[in-house]
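You will see two complexes here that share chain A, one where it goes with chain B and one where it goes with chain C.
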Partner chain A sequence: MKEMSRIVKTVTNFVYGFIVIFGFYIIAHGHLTPGGGFQGGAVVGSAFALLLVSYGSLNSGKFLKKDIFSLFENFGLILFIVLGFSGLGITFFYNFLANSGGWFGDAAVIGVNPGDMNTGGVIPLMNIAVGLEVLSAFGVIVLTMASGAEFTKKKERS
Partner chain B sequence: MKKIIFGIAFIIFFSFLIVSAINMRTFGEPTFSEMDDYFIENAQSETGANNVVTSIVFDYRGFDTLGEATVLFTAVVGIVALFRGVKK
Partner chain C sequence: MSSFVEILHISTLIMMIVASFLAVFFRKLLPSVVALAVASLLLALEFYILHAPDVAIAEASIGAGLTMAIFIFAIRGTR
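After this line comes the complex of A and B, so read on.
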């Protein structure tokens, strides 16, 4: 994949950080506002796809590393399963941090209110785990398919 | 002959569809609503999250979300296995 024109690269430099920050906002506020791990991870993954398309697969290999993405993906899934198992004293996937006073343990105000960040028990941690898994899954898929397309083009030319 | 049989069968099934569409319950009055009422009443005090949808997806139905995450992981493993012979 060749890199695109100077206009596209300039706009990408301007927009890229905003897309990534918006995605991480959706992941971190999953227990208060609409959205969650899957949706925010998809937004961050679309930012990686934008970087790959505008800079080309050869240049963007400096910024996006496939090994780091696969490491993060395994870490996210293992963190999710560990959080599910750690409530096993009562049931599988028990919310053991909610209303306990510790991490994310404050009780929520009942009724319609904007909400507090420090509530939700184990739900924000699970959101972060799933978001990490989904964004790195998108990165791995996009990078692998781009290198496959490059390989196929080289084979056809020779 | 074949067209006539298919036409008669289509008319019969379509009339069933229209009858069931006429007999549908009005919007906003589901048949069984005990579980919905329980979630709306107790989700905020039990899980502490303001977003009831997230509290269902990640707390009450957490096992389903584990399956979804595993499906995505399996898709990534399949794609990496498909392109395994490709060198940079």
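After this line comes the complex of A and C, so read on.
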């Protein structure tokens, strides 16, 4: 697929990193602020879609690879189900890290406060797993649609 | 204060209707897709005014970002 004009490419160069950083911010602060794994992953996926639309599928093939996205997707799903089964000593999806003092283990502060990142137990890890899965699934969807458009165009030419 | 919020609601909905009408009205395909994305973005703003920022983020990234990208791929594929 052909690339778009120079204006679109320059705006993409400015904006792309900020969109990706904003998406990872939404994923990492999922237990404190609005948003979570799905929303942050969707924001990062829309950044991939922007890169693919403005630069074309031939030029951006070096940055977006379908195999690496598939690998990250499987890793996110396996991390989520392992975290679900880890609390099986009490119940399925038991929050075994909350109030334990270790990773994300501080007690939650009651009242108006600026927010403590180190709370929530197993919820931030699950947000990271879901975010990784949704991000790479959206990348796979966009890459598949782009290659399908290319295939249709080539079929109509001949 | 309440009347200001009501005016914001009504103006957002009117702009959404205008953008949706333009999406049907345009003859060329790319401006029609951009008008559909503008309607989706205004829907995200309406969700934010209704105190649902969670839904607003998902709507803005999926409805205005990913759907428009897929429509642009389809337009590029037919031409």
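By definition in this document, the second predicted complex is superposed on the first by the 158 of 158 C-alpha atoms of A that agree within 3 Å, B and C clash if a C-alpha of one lies under 4 Å from a C-alpha of the other, contacts with A are read in each partner's own complex, and residues count from 1 in each chain.
By our rule, a residue touches a chain if its C-beta (ideal position, glycine included) is under 8 Å from a C-beta of that chain, and two chains touch if they have at least 3 such contacts.
Since the model is a prediction, treat every value here as computed from it, not as a measurement.
Undergrad: When the two structures are overlaid on chain A, which partner does A:32 contact: first (chain B), second (chain C), both, or neither?
TA: first
Undergrad: Considering only touches as defined above, state whether A:98 meets chain B (first), chain C (second), both or neither.
TA: A:98 sits against chain B, while chain C stays out of touch.
Undergrad: May I ask you to name which of chain B and chain C touches more residues of chain A?
TA: B
Undergrad: If you stack the two complexes on chain A, which partner ends up touching A:115: first (chain B), second (chain C), both, or neither?
TA: First partner only, chain B.
Undergrad: Using the touch definition from the top, say if A:64 reaches chain B (first), chain C (second), both or neither.
TA: neither
Undergrad: Quick one: classify A:148 as touching chain B (first), chain C (second), both or neither.
TA: Both: A:148 reaches chain B and chain C.
Undergrad: Name the contact category of A:140: first (chain B only), second (chain C only), both, or neither.
TA: first
Undergrad: Tell me the contact category for A:46 with respect to chain B and chain C: first, second, both or neither.
TA: The second partner, chain C, only.
Undergrad: Applying the touch criterion given at the start, work out whether A:2 contacts chain B, chain C, both or neither, answering first, second, both or neither.
TA: Second partner only, chain C.
Undergrad: Which parts of chain A are touched by chain B and by chain C alike?
TA: In chain A, residues 34, 36, 38, 141, 145, 148 are touched by chain B and also by chain C.
Undergrad: Which of the residues in chain B end up touching chain A in this complex?
TA: Against chain A, chain B makes touches at 44-51, 53-55, 57-59, 62-63, 65-66, 68-70, 72-73, 75-76, 79-80, 82-83, 86-88.
Undergrad: Provide the residue numbers of chain A that touch chain B in the complex, in ascending order.
TA: Going by the criterion above, the answer is residues 30-34, 36, 38, 61, 70, 73, 77, 80-81, 84, 92-93, 95, 98-99, 104-108, 110, 113-115, 119-123, 126-127, 130, 133-134, 137, 140-141, 144-145, 147-148, 151.
Undergrad: Spell out the part of chain C that touches chain A in their complex, as residue ranges.
TA: Spelled out, the residues of chain C in touch with chain A are 53-54, 57-58, 61-62, 65-66, 69-70, 72-74, 76-79.
Undergrad: Name, in rising order, each residue of chain A that touches chain C in their complex.
TA: Residues 1-2, 26, 34-36, 38-39, 42-43, 45-46, 49-50, 52-53, 138, 141-142, 145-146, 148-150, 152-153, 156 of chain A touch chain C in their complex.
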